[in-house]
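Look at the two complexes coming up: chain A is in both, with chain B in one and chain C in the other.
And then the complex of A and B:
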């Protein structure tokens, strides 16, 4: 059982440090070889990395984006508030254990109580923490059902902005990929670790909540660390160049965390939390791949290789949206994605994006079923997402190659203190 | 454009060595820290690893199993043999380039011909080779359609064993996840690299062949290296303990490669190749997770933690299928998976397994849609797969928790020499 012991050892090391326990492998590699610009910064380190579950904010928001995502939405099936609370408490206990590389339950997953089901499903038994984070959110339906029923006595505590996102132009939403009373965002540098986390939370939820939909993602289409190379989406373009990073405290305070000032006595439970917008955005891969490079760059508003704005400079230079080229037309077109997404076009608002690429086999028409699972954390969707998406859905040139097919909005409560559980402020 | 340059640099280094060019990162890490038993052996190394495309056998068979799989099956849509040959030639050229980390086409993916579509889709532009292998196979339909049409003049060259697998007991096959004229197995340590490879081959195939189905997988449920820790399947058990490894030349010759002796003048093109059996095996995760550890171990025939046979010893000890316990019953039950899969129960035949775990969201019933994408390379499916699977489908205790929902059989030709292309022996 050396695998289990190793996981526990690594997990305790991470917890004991009270913060990021970076695997020694990466640091040693960089020091010994000077290859830190060749190896992707967090590869190799990923296995030994452990992030603490407890803290003022939930992990998985400003955490540097891991390589893999398993996102799940749940419907609450119980009518008992006590059962729901007990499940959320059990989720926090299991999540804290799994993020430090321990099994989901206290029992050894493979010894002892032979006549009971194991309290960990076992497939991550030999694997280290792999940078796992588990982030829990609450959908509008948890507070009040569509017909107005106050299911769990929470209706008065629903923030006004926590409501189903409006129908945007060109939305083609599949109800089976949308909404949900609860969400779990599990991110890790090993997909088996992320899948294991969601599976064990679903197992713990049995009888209280059931899976509504889930989504796997890969490839870090966004980054929250200044050091990382900007990842690329499946259009082949860099995605996340101007993202908010973990180091930008002022931007996080202004655009990501819900401030005390946005809450009142009934919604104070969300102070220090955030809102999570989830959108499954299908890309029409084949038409895109037959589009000229000129057209691709024009609708994005950046070069494909470097990711520089079409107004000039390099990737991290600000686009000059006013600069005109031949015939007086702006170099960054009026319908270019980068223009419509730019803070200056959106009253200065920004989002912390954390999306992942996905590929889910093929569509019934024989096309690759692939795209971007867009995830963004914002202070308030009414100001920081809905106006921008309304404009982009109608005007963005990229929309010719996109279709929004899934949608969810969740309030993400603040982190739990040591010994506490995620959501305790809401149910107190 | 430093990303492209770096990829080319790494790629050339790999090709120049004429063999496995292991990224310096892993070796340096192990030497500097002695942590080779903590880090998974091929993590960290994965990014810089490049396997040569050309050689006597195709890569991706005895290659140590990478972390990620994108498998695709294609229907040939052209009626022109010349077009088919041209596509296979183009596939080999692109595959050789991508496996050394270069773009799929000669043009820089992001400069030059602005008015043409890029000849690489770009999403792997900043990524190193990541151990990519591309393995190409031919389905029965390439030789002869179901109604007997000799589509491309190949009917006389079809080996007798290359026919649709029989219907096994309890099979519940979905035609949309089964069969195909061609297959591509792309494996890499970065999922974006594997997805990129299949996407670009599909792009090159446009007008000649179209995607029929595809499957993503993760987690290395099998291993072909003596050094790797045996990975676990989604039942939480080690899977691949007794697998054939790349070092076992005798076993490869006896069980994996098609020998000259198995071919005649019309089928000599397959000598040095293999057969690939692909099966999508859905696991009923939730019932399994509510089964006692005793029952789980009994139907597998091994302990869950260590992976030791229930007859005693440790993981790599041979199971003693005759050893009796209480009441004279065998310690390894008559219906245990390990007994029915054991070579001694199957006339001594073995397979080189190379399967991957998969999780594809949830089923319409709200269950995790997860399981094993079983891949096995064998010398002859008529002797090395069909008899075993017939017995297992009827008798294996695990079948209570399994459903075979997809199936394919492909002949995998030998590797192409430098300057050659995969399949040239068949079309010569």
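And then the complex of A and C:
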């Protein structure tokens, strides 16, 4: 049954035959279609999943982390607030369409006006929605330029915590991979679907915003759902064991969603939203691979196989940071990654991470240009990221094998209600 | 631009709500709710226009309905026969073509999307692409839909074509005159003056580059870049002389041409230019050639000029950039009256984006010309590139819009 097209699938689903969550519910829950076997089975399982674009929170945060990422940051090039608003509206329309597997524009990618380019670039034709989510964020530069210019009349509405992240020890940031006025996080279980999403949004943006940098990611390195197993990063260790998951409503409320209490009249637009921290963390792969297993486990603080804390137990057991071994030294070393990242050493704060592995070819020295594209959603970067990263940059034993080379901070507004658009509260 | 005359083909246009121009022009909240409503209810995609299925075989032409309400109609034509076919919507007189879709091979489906006022029509399939076709009466009832005024399109197309042909003639005349001057200075060894004239003369080439490039024999002889040559290709034309006049970027050990070599190269360029001049005297242009030519000139900017690759030795890329933009703008402005009868918002957007790009180019003016490409910083190049992208997107819809 190779003849089931994207359009046909959606037609079926719309008629109630499928069970796709086609933007009809507010809750970000997935529904398998049961049609996977007729849809490019070579693309893997779960491809028929669709997540609603509309809802109280944007999709792509608590959504079970998909396998692939295309993250993009944009510079806004227009000086017109109306044009910016129109673009965000058009982005929302296109994003809603693409997340349910439809083309970005009204036109069909392969028919219609023969003398005009198609509205949609077409590489996602025949592919199911693949669990695509599109999450849009606003950088500090959208509100105010470095010299204080109020570009779009938004300066008074900039939350105090939305500013460029400070310089952390050992940062080696590349401006060409950092910052941006807007960001788009596109996650999907098929990389082509994620790339398609950003490409079509960039096309809509021409004349209003231009791509500043982008990052492809594969192999999610975090677990955002209790149903997912913990994946591994490029160091071969399980990553995201203690992450906040979609099922932990209390933790989400406490650590991820910006509560009303954190806002005032000018920043109320962000209530129900979050902050997105993006860090491109290069791993020095080759030296790591020449490191003894003892050293690898010591700097991480967990076993490589099971992912159990070095203080014992299994993966999901809490590390006992006080437990001492031979010579009275703690089993989880003072500079171990897990100790420095643990909530108990960070004033109890947690974050929701949904980072991805990346590989971008090789460096001029013939080494893998690879690492972790760290993405985390937090209630407030000033309390939930900056203090932790400051200490980790200085003390984490793993830093010997890491270099932070890209950085961005974005405010992620709440989701758009049915008929609304992302950011409408800010521009109201 | 393709210099061969081809039939003007009505476009298969359907209204698209995501156009930036439409976004800009629309009263935003109302437009948005309209878009979102469509987005939420239309899971079958693209059937917002009245969709009519046409089954075309070698001996039949079955249209799913014999009647439709006025507005944008979409005929989804499937050729289930063995011969190549065409589909037409003909006016009441059975002669005037309201819309057509050509070259539908066996097994293929093509859409004809056409804005159709109330009236009596004929549908026709033409298996084998000969004869009057298999016709059937077709009625369009009055839905009250407000179709764009049509104007006298033939006159507007004629005016655009006449104006563009005149522009091409004028530019080749100036190109020929300046190339002859350039030749004389270069052969005489007046290098400073030759260098000053080089980008100025080439401006006229760049203004009609898509026309000039349509001559497959002249283009490589006149405008090949050294980096694009295959092993064994002869390096001649403008860029050969450019290298000789600006040897700083040439490979180590480069030896300049002597007077005989200079004379041979420059005379060849003049002869080629004369040939170009002769061939362009009686050229005619169709609306789609002009529209596609405008877009093509911006593609030239995007691939060669804004990257600084075109003038590798002299770095006078911004003159070429301006020439391409000039040519694109002339093409657009010729079609603009016609475009305005079809899509005001698109015309406004293209005009605005031309202006915005020109502001950036004007900022790089220096004396009678421009700064060298190597004097631009990264941010300036990026700004120009963004402006080219911003213009090229709406410009890519020009042809389709004027043919609609």
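Keep this in mind: the second predicted complex is superposed on the first by the 383 of 428 C-alpha atoms of A that agree within 3 Å, B and C clash if a C-alpha of one lies under 4 Å from a C-alpha of the other, contacts with A are read in each partner's own complex, and residues count from 1 in each chain.
One rule holds for everything that comes next: a contact is a pair of C-beta atoms (placed from the backbone, for glycine too) under 8 Å apart; a residue touches a chain by one contact, two chains touch by 3 or more.
A quick note: this is a predicted structure, and the numbers were derived from the prediction, not measured.
Residue contacts after overlaying the shared chain place A:255 against neither chain B nor chain C. More residues of chain A are in touch with B than with the other of chain B and chain C. In the superposed model, A:195 lies in contact with chain B only, and not with chain C. Look at A:114: by the touch rule set out above, it reaches both chain B and chain C. Contacts of A:105 after superposition: chain C is touched, whereas chain B is not reached.
In the superposition on chain A, A:305 makes contact with chain B only, while chain C stays out of contact range.
Once the two complexes are overlaid on the shared chain, A:87 sits against chain C while remaining clear of chain B. Contact with chain B, but none with chain C, is seen for A:362 once the two complexes are overlaid on the shared chain. Once the two complexes are overlaid on the shared chain, A:213 sits against chain B while remaining clear of chain C. By the document's definition of touching, of the two partners only chain C reaches A:421; chain B does not.
Residues 10, 23, 108, 111, 113-117, 203, 206, 210 of chain A lie in contact with chain B in one complex and with chain C in the other. Those residues of chain A that touch chain C in the complex are listed here as 7, 10-11, 13-14, 22-23, 77, 82-83, 85-87, 89-90, 93-94, 96-97, 100, 102-108, 111-117, 119, 203-204, 206-208, 210, 418-421. Against chain A, in their complex, chain C makes its touches with residues 9, 11-18, 20, 23-24, 28, 32-33, 35-40, 43-46, 48, 76, 101, 109-111, 113, 288, 291, 353, 382-383, 386, 389-393, 396-397, 399-401, 403-404.
Chain B makes touch with chain A in their complex at residues 1, 3-4, 6, 10, 23-26, 28-29, 31-33, 35, 38-40, 43-44, 46-48, 67-68, 70, 108-111, 113-118, 120-128, 190-192, 195, 199, 202-203, 206, 210-216, 218-219, 229, 232-237, 285-286, 289-294, 296-297, 303-306, 357, 359-362, 366-368, 370.
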